[in-house]
Amino acid sequence: MNLGSDRKTRVAASVPYQRFMVRPREPEKEFCKRKDGRRDEELRPRIFESGLVSDASGSGYVEQGSTKVVAAVFGPREVTRRKEFSLKAQLRCVFTFEPFATPGGRQENISLLEQRYSSWLEESLKPVVQLRRYPKASIDIRVTCLENDGGVLAAALTACGIALATSGIETFDLVIGVNLRAHGDRVLMDPSHAEEDAAPSREGTYGNVTLGFMPVLCQITGLLQTGDSEPATLCQQISSLIKIAHGVKPLMEECLIDLGKLQEKLSEVQM
Amino acid sequence: MSGHQYLSEEGFRVDGRRAQEMRKLDCSLGVFAQADGSAYVKEGNTVVLAAVYGPHEVRGGRVKALHDRAVVNCQFSAATFSTAERKRRPRGDTKSVEMTLHLQQTFETAILTKLYPRCQIDIFVEVLQADGSILSVAINAATMALVDAGIGLRDYVCACSAGVFNDAALLDLNNLEESQKGTGLTVAILPKTERIVLVDMSSKIHSDHVSKTIEAAIEGCKDIHATFDAKIKERVGRLAALINTEN
Amino acid sequence: MAEELRILQSQAELAEGRFQRKDGRAFDSHRAIEISKGSIGTADGSSLVRLGDTCVVCGLRGEIAEIQLGESGVPSANIGVEVKLPFKNIGYSNPSEEEQALSQTLQNILMSAEAFQPSPISDRFFWVLHVTITCLAYDGNLTGASLAAISGALSSLKLPGAHHDLELDILQVDDNYQNVKCTQPIGVGFGIINDELVVDMSNEETLLSNGESMVVIDEDDSVVHLHKGGGTSVDPKQLQSMIQDAKKHSQELRKYLK
Amino acid sequence: MSGEMCVPGKRICALAEDKFISGPGTYSQQGYIYASLTGVLQITKQDDGKKSLVEIRRPMGRLAVPTPGSVVTCKVTSINQRYAKVSILCIEETELKEPFRGVIRREDVRAFEKDKVEMVKSFHPGDVVLAKTLTMGDAMSYILTTAENELGVVIALSSAGVPMVPISWTEMQCPKTLEKEFRKVAKVVPTVKEL
Amino acid sequence: MANLAVSDSEKTFIIHGVEDNLRCDGRGCLDYRHIELELGAAPNCSGSSHVRIANTDVLVGIKAEIAAPDHAAPDRGRIEFFVDLTANADPEFEGTGGDELGQQIAGALAEAYVSKRFLDLSSLCIVKNQQVWVLFVDILILELGGSLYDAVSIAVKAALYDLRIPKLTVSIGEDGKPEIEVSDDPHTQEPLAIANVPCFVTLSKIGSQFVVDVSQEEAECSTVNMCCAIAPNGRMATTMKTGVGSLHPDSLIEALQLAQEIGVALHKALHKQFVKAQELSGRTNGFLL
């Protein structure tokens, strides 16, 4: 154990207790039923909210099962970094995990994952925003994961979508993130963290697929597949993810329209 | 290991060289198309790559620009696999910062900076393999890259390392010899005038031996100059021939 | 920016001796507080607090540390606090001064209240509690809201059993999660505006009063933290009434927490 | 259709140049007009009675960045002999959450006798100025101008801390101390609402 | 250089060329540029390679060290990637300027190598739970000429091909703890099984066509890339969309199938080159001289 204490705060150096847990290594058996009793293609209940972060131009909160993600959009505002003049807005996205968000305690190398997620989100959001309408400005998006129980990246993208749609920044379309876990012949929609991390199936396809999708324009804005797959299978999986995204869209619209109506009432009161 | 083992009674060093013998020197110019000048220098097992960009507009705000001369910007960096033990990072450690400073000071004197007012000249040095005499090889590579870029120089800057073992001066130290405490120094000269632009001695040498060692190093620098001069003349000659055939 | 103008206006009104709270509250009335506890499964204890427009998430993590042999002087703290303010500035940077100051204050309060008292694991190992406060939206009285969130999270804190086998020198943790003995400090923020004692200030009021006082009350009604910084001077009587008011409020809030 | 709540990406109608024009809050692509904001759809007949403007109005107001030609409200932060640095607080009607930086150069203060302009006699730090965006400027600041009658200082405090009253287009007076100070004063045209 | 000024008319020229399946350097849309390959380029490494695709120049050195294994995988070796974008490639990368891109590439590589189906690291285990070989794969990017992911992954695969790890004998010592002995004989060094190691195939969309191995100029014309890690047997280890644009599902399907075909062919060609390069290894001065 690495010992000592932080000189400034005098907090003793400590390690997560999960390190000392004795976990009998489960034999790698094929799981036939999902732990929460869902069918393979069934999604977990999700909650979409907006306007949680009042200082931001727009914000979104997504709960997908017990995965919880908050996104806040700031700007368009002045570029703080000295950069070259650009006729398009710069979009920056920073994703962070709360220290208590990951199962199994704090993780050492989480910042690498955070950076990877940040750049993936950035590239998946750039096709959505009408960057040319905000020359010389910067649009900053902060995403925080409060709890990780699978599908963080998809939930984060959806949260960013809500945040953008409520911010008043002009976009081409809504953007929705969806994900699945492939395990042999089975395709588990919206997997939990345990399912995402499960041992690979003995043969055939396995892995996680996350998709960012603009439902009206029918465009894929982001894709990340890991594990072991092949083109034909992946294509099938993508088309079923697209179906799921279309299914999620009404819920998102409802959330946005509710907020819109609320804002309308508020502005009438203020008049 | 004590000093005498570095030079056997028969006068041979650990790698079989004689005391005043240099390692095999290879170099090639213009290895990269994108940089304004580049050079690859291989001295024994020490391999250094240098690239020169510029003269160009001063990057990062015009505040840094000097109205009467060019800004010389250097960076020394070594590949993480260049040393026997893996390095944790390629640059930013104290040694690299020190090397950067040496390079910068050396080339600020050597480059005719007055010719390029309000400009910046970048010299990037990348060590691919380190086997002693890194600073001298880095300086040599940077010189070649500057020549390749066609930047005005007072003269070549040629550098060579030397050390003392049992009262004998050894030239062009390798890693093993360098790791011996209290031995080496690096000298860089402008060969035409034989003026010294840099002496870096961070180890202990008896005062009686210092001037002797420096003299030996200067001889080494002259050797290097001869090799480089021949190399560049050959290259320029070839280029000139090419131009002639095009016409 | 318009905020700047609004404050100018309020200041002008204040100069004329008029002051009213924008939301129509009485000077001694608190904003409605909303606490949801234990909503984050990956944390060992958690809560979300909304106090007016201020919104704070608190997550707790238990970790295990080893007592250092031969360490003299002050024992190291068993509570660490990390505060993240409303995320405005983007980019990876170290915590701002404001965040550090608030972290330190909260840590001091929790330490002096002895908020976290688990049974020790063995002579060598003990529990350390890591508190993370994330402020999602800020509208004044952040310290009060953070303390309420910490209290809420502490009341939902559950840690597994840990056993140190002295013979084999093996530390083992089971999955028998149990509540931990904690005390819950409650903080009440005050300000003085126009010679009136104003409680639970919003952001605008905080700027007007330029200075906030803090009274933190323990479970057994003892004051564990008292801070008066900047702003108008107070007379001892006002200080007295602050403490009284804080006691009253902390009792109410405690009932709500249960 | 007017009055309906739209979300970004909603296909509103086919783009027909002679019937519908894509207005604020919408964009057109491949023959259709789509919403680009969450807000209320508004279709207004244009003056010529043929075309209709399709726009999405956002109840909370529009977000904006300075564009050439837009009138901005800004506060002077510092001045020197060549230019005044300002921070832009409002663009047209929109309040900004965070300011943008801008400069008013000496030659852009007024329309005539440009070479005789003295910055100290035009602006003081702290003045609230109405200006127009001239160009996008460099990577940092926007370049603004006050070279119109309606542009210039609108609010300025005297040394006594009291808002001054304009007495000519180059001078303002403190109502308390009656002290006069030089400014490039804007001729404020009362809007209909204020009347 | 990373920042390249390509004018609108140049872009139009490139896009029109691509539509006619003719690129500026005379290639078709799905042709690679000539790949120069050298093994053993850094003699003080356990495995190294140097790959040059037109202007893209990548040097890879692998150092094997003995260390403790990961908590999660006690019976497998580890592989760690570090990508250093040198200032030689672009002055922008001076100091820490290239770190972000470097981490992105390293992350993508780690993702492609994570599964034991593609690279089985269990042969790198020395003593379970205690000591394993850790492969530090250090990638040096000396010049940028487009198609970086592809070039890097080819160079890494080549370096893994060149990798020789000393054979170790483990015996149980007197105190019951295992003792490790390193054999001095260079002929007992073992290569790593790399038959299934994937390489990245990046397809960039220019106009309506997918193009492989883009140059810097062409990269400026495309907004969206599909980056697929394809194994020699045609399986995909990881796929990601990069770039600022979006894709229609139909073109995605097209891209994935193309990537598979190209990937399989690429691996075949690479294998031949590896064998050839190994014969020459250590006998040439390298193509920089």
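A, B, C, D and E label the chains in the order they appear, each numbered from 1.
Criterion: contacts are C-beta pairs under 8 Å (C-beta built on N, C-alpha and C of every residue); 3 or more make two chains touch, one makes a residue touch a chain.
All of these numbers come straight from a predicted model, not from anything done at the bench.
Novice: So which chains are sitting against subunit A and subunit B at once?
Specialist: Per touch definition, common to subunit A and subunit B: E.
Novice: Taking touch as defined above, what minimum step count separates subunit B and subunit C?
Specialist: The least step count works out to 3.
Novice: Hey, which chain is the most central one here, using CA centres?
Specialist: So the chain sitting closest to the middle is A.
Novice: Measuring centre to centre with CA averages, how many angstrom lie between subunit B and subunit D?
Specialist: 59
Novice: Nearest whole angstrom, what separates the Cα centre of subunit C from the Cα centre of subunit E?
Specialist: Those two chain centres are 50 Å apart.
Novice: Need the CA-centroid distance for the pair subunit B / subunit E, whole Å please.
Specialist: 32
Novice: Using mean C-alpha positions as chain centres, tell me how far subunit A is from subunit C in Å, no decimals.
Specialist: The separation of the two C-alpha centroids amounts to 29 Å.
Novice: Hey, what residues on subunit D touch two or more of the other chains?
Specialist: Correct list: 97-99.
Novice: List the residues on subunit E that touch subunit A in their complex, please.
Specialist: Touch list, subunit E to subunit A: 71, 100, 103-104, 107, 111, 114-115, 117-118, 224, 226, 234-249, 252-253, 256-257, 259-260.
Novice: Using the touch definition from the top, list the residues of subunit D that touch subunit A in their complex.
Specialist: 5, 7-11, 25, 27, 29, 34, 36-40, 58-63, 65, 67, 97-101, 136, 138-140, 142
Novice: Which bits of subunit A are touching subunit E when the two form their complex?
Specialist: 19, 112, 115-116, 119-120, 123-124, 126-128, 200, 214, 217-231, 234-235, 238-239, 242
Novice: Which residues, counting only subunit E, touch subunit B once they are in their complex?
Specialist: Going by the criterion above, the answer is residues 1, 42-45, 48, 55, 57, 59, 61-63, 65, 82, 84, 86-91, 94-96, 136, 138, 140, 142-145, 285, 288-289.
Novice: For the complex, give me every residue of subunit A touching subunit C.
Specialist: 1, 3-6, 9-18, 20-22, 52-55, 66, 68, 70, 72, 74, 80, 92, 94, 98-103, 105-106, 111, 140-142, 144, 146-149
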